[in-house]
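Take a look at the structures listed below.
The same chain A turns up in both complexes below, where it pairs with chain B and then with chain C.
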Partner chain A sequence: MTAVIETTSLSKHYPKGVRALDDVSIALEPNRIHALLGRNGAGKTTLMQLLTGQLVATSGDMRVLGDHPFENAQVLSQTCFIQESQKYPDGFRAQDVLAVARTLHPQWDEDLERQLIADFRLPTDRQIKKLSRGQLSAIGIVVGLASRAPVTFFDEPYLGLDAVARQLFYDHLLADFAEHPRTILLSTHLIDEVANLLEHVVVIDEGRVLIDADADELRGRAYDVSGRVDAVTAYVAGREVVAQQRMGGLANATVIGPIDAAARAELDAADLTTSPVSLQALVVHLTRTPELAAASR
Partner chain B sequence: MFRTASVIRLHTQQRFNTFVLPFIILAIAFAVVLAIGVIANLSVDDPSQLDGMHEGMRWNGAVWSVLGPLMGFGFTAMLQIFPLSLGLGITRREFAAGTLAVFGIIAALFTTAITVLKSIEQATDGFGLRIRMFDVVYVGMGDWWQTAVQTFLLLLMAMFLGAAVSTVYLRWGQRGLWISLTSLALVPFLVVSIAFVVPGMMEQVFIAVGSVPWIGWMGIVALIGALAAGAWVLLIRRAPVR
Partner chain C sequence: MLDDGKPLFQQIAEQLSNDILDGTYPEETAVPSTNELAQFLRINPATAGKGLNLLVDDGILYKKRGIGMFVATGARDRLVEARTRAFTHEFIAPMLREAAKLGITPGQLVHLIQEESA
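== the complex of A and B ==
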């Protein structure tokens, strides 16, 4: 399938040897929800800013919807970029932003806009500088979802949102995505909260791609094992372990690697049970051990 | 085209702040000048005693109460509207086109207002009080059309300068801003320094400045404005969002 977002050896360097993004090559398929994960300062926002023409790349190439996005109105009119650090002019109210955003996105859905404003309890007539951090995030979410842009970038879209509002975002995203499939690139630190939404995951660390895999395939790279302490200890010996917990006579361990026939037999013999691993735990572990991530790519 | 219209809308979305507030500020400044005029008229026995005030008020800076904030429009355009525009998917070219239109609209609107008020002021001999607020050196003391040209060019120049300086900041940060501002200030600083040191040169500089005709000054203002506009258009092509 033709990639809707494609980068080839994309780099963004700054003076004093700062490599915000270094030789990044990814290809994201259309009409899927992709996650862009990584630690603070890993390069996630830089990548999104490059893909939306906000920054100029130092080297490499990129394509969004088949074309270079920089100063390309044709491409940018089909994208929507919601960034955590978005600044708004003094005195602007949410309704001022929405009034202009409505004119820029041909697929804008006003019914959905009204629904989202009501659900997030967004005071559209209050000055933005008087809004809470969560309400500020809600403006971005309303724009990002109501725009129905074929390619939507969400960069940490729910900073400051409470748990209820975050769940509302996930619910709306899933429901609207099901009815109007489009390409979503979502950067977040709350990996487990969005794990069920994700179809594909890109992990960036220190400007380089660490993991680029489908979410299901990634989850298959590790599994949780639980049972008696002695049985778990014996099973994990010689295996790559992400995390291990012990509670009384029982233990739980997260183990890297697929469950092949030999492992399955060993697990059954030791009366150990397995369960899917937490995507967040796996990403944290792979980020800490980049050589393992590279080896498993 | 409609995307450029969206840029214009972004700039003017706050209609009160853009179109009404400057007139309120102008009205307050005008009220103060009127009050001064009333007090001055009440305190003299002979109207000819107001001749000195009438002459001195050629340098009345009250008109800057509206011109000053408008000059800040260039800064606001780049530092506040530009990041949101790019965030909404507008290209730099579309932003520049829309901003250019807005600068023109604002300069034309306030030029019209000041030119009309100046004509009224002249026709009524300073609103019947011999005061000056619009018939002053900053916006031209000749015919109405000279005031129109001078105000329009002055406002455009100021807005382009503001936009250019802000774009230097976006491109190269505070260091770039200080280096460029210092470089620009170096030329007049050197001229004044040399004029001080060389005997008789200061006098010659004053004579030279005083002998520049109105059209010459307009040429200088237009040239500075054009250079600022050119620098702004060149720099914005690769300006990042901060």
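== the complex of A and C ==
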């Protein structure tokens, strides 16, 4: 399958040696939900801004829908970028934003738009500056979903949204994605909430790609081991450990790697118990200690 | 219903297998579609599809073009057979390990099982 988004050694550097994005090469397949994860300042927004032609790269190359996105109306009409803190012109109401968005996105669906407005209880005729943070986010979500753009970027679209509204977003995203498959790139810190929606995950840290893998593969990439300190210590010797904790005579460790038959036998013999590591926990461990992430690849 | 341990698509396949075993989906009836599963379980449709296809590969489900997925005749027997083979490894071995830890002899264990099932 040809990638719908492809970057080759893409970099964005600023004066004083700031490397917002450094040598990023990724290929995202079409009609999948991809996640872009990483800590604040990791470069997630920079990457999305480059891919939507809002920034110019320092070096490297990129293709969105087969073409360079910068000042490319053909590509940009097929993409939708929902930014974390989108600014709107003074005096604009939600209905003004939606009217503009409707003209920008040829695949716009008005039925879906109406349904989303109702579900998010979005007041469309009130001035945007009078809306709550959550209602502001809801505007972005309505635009992002109703646009049905073949390539849709959501950059932390949930700020200020309560748990109910976030679940609404995830449910609508899944339902509409199932009916109208398209490429979604979602950046979020609420990894546990979206883990099951994802097919592919890119984690960046300090501008570089740490992980680029299918979500299923990541689910088995690490596991927690717990038991007596001496048994845990013996077991982890020679294995890749990303985190370790002790409490009295007990210890637990987060270990990289699948549990093969030999490891299973060793665990059972040493009376150690294992538990799965969530995607969120894995990302937290790896972005806290990036040198370990490199080793885990 | 779902946890992080195994690949999600495998968990989907196991869940559907359970439903076939307990008669929720009798043989020659339809199972939920990819999109129905995805929305109900709140998972990616591709993952749901992978789970269904795992059961197609095992001959538990079969596809009817344009209609959906159906439980194959003999699916239940095949599942019982496969689960029985896994029973020793998944249930009896861990039970024996725990028993040894507690100083319960195999003889006492047999007695406990008889008591419990009486």
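The criterion applied here is as follows: the second predicted complex is superposed on the first by the 254 of 297 C-alpha atoms of A that agree within 3 Å, B and C clash if a C-alpha of one lies under 4 Å from a C-alpha of the other, contacts with A are read in each partner's own complex, and residues count from 1 in each chain.
One rule holds for everything that comes next: a residue touches a chain if its C-beta (ideal position, glycine included) is under 8 Å from a C-beta of that chain, and two chains touch if they have at least 3 such contacts.
Please read all numbers here as calculations on a predicted model, not as lab measurements.
Undergrad: Determine, for the superposed arrangement built on chain A, whether chain B and chain C clash or fit.
TA: fit
Undergrad: Figure out whether A:Val97 sits in contact with chain B (first) or chain C (second), or with both, or with neither.
TA: In the superposition, A:Val97 touches chain B alone.
Undergrad: By residue count, is chain A touched more by chain B or by chain C?
TA: B
Undergrad: Please indicate which partner A:Leu76 is in contact with in the superposed arrangement: first for chain B, second for chain C, both, or neither.
TA: In the superposition, A:Leu76 contacts chain B only.
Undergrad: Let me test your reading of the model: by the given contact rule, A:Ser278 touches which partner, first (chain B), second (chain C), both or neither?
TA: A:Ser278 sits against chain C, while chain B stays out of touch.
Undergrad: Applying the touch criterion given at the start, work out whether A:Tyr88 contacts chain B, chain C, both or neither, answering first, second, both or neither.
TA: first
Undergrad: Which partner does A:Gln54 contact after superposing on A: first (chain B), second (chain C), both, neither?
TA: first
Undergrad: Once the two structures are overlaid on A, work out the angle chain B-chain A-chain C from the Cα centres, in steps of 10 degrees.
TA: After superposition on chain A, the angle is 150 degrees.
Undergrad: Considering only touches as defined above, state whether A:Pro106 meets chain B (first), chain C (second), both or neither.
TA: neither
Undergrad: Just the number, please: smallest Cα separation between chain B and chain C in the overlaid arrangement, in Å.
TA: For chain B and chain C in the superposition, the minimum C-alpha gap reads 27 Å.
Undergrad: Chain A residues touched by both chain B and chain C?
TA: Correct list for chain A: none, the interfaces share no residue.
Undergrad: Over in the complex, which chain C residues touch chain A? Could you list them?
TA: 2-9, 34-35, 38-39, 41-47, 50, 97, 101
Undergrad: Along chain A, where are the residues that touch chain C in the complex?
TA: 32-33, 170-171, 174-175, 177-179, 195-199, 215-216, 219-220, 268, 271, 275-279
Undergrad: Report the residues of chain B in contact with chain A in the complex, numbered from low to high.
TA: Its residues touching chain A are 2-3, 5-6, 9-10, 13-14, 17, 76, 80-81, 83-84, 86-94, 237-238, 240-241.
Undergrad: Touching chain B in the complex: which residues of chain A?
TA: My answer: residues 49, 52-56, 71-73, 76-77, 79-81, 83, 86-92, 96-97, 99-101, 103-105, 143, 149.
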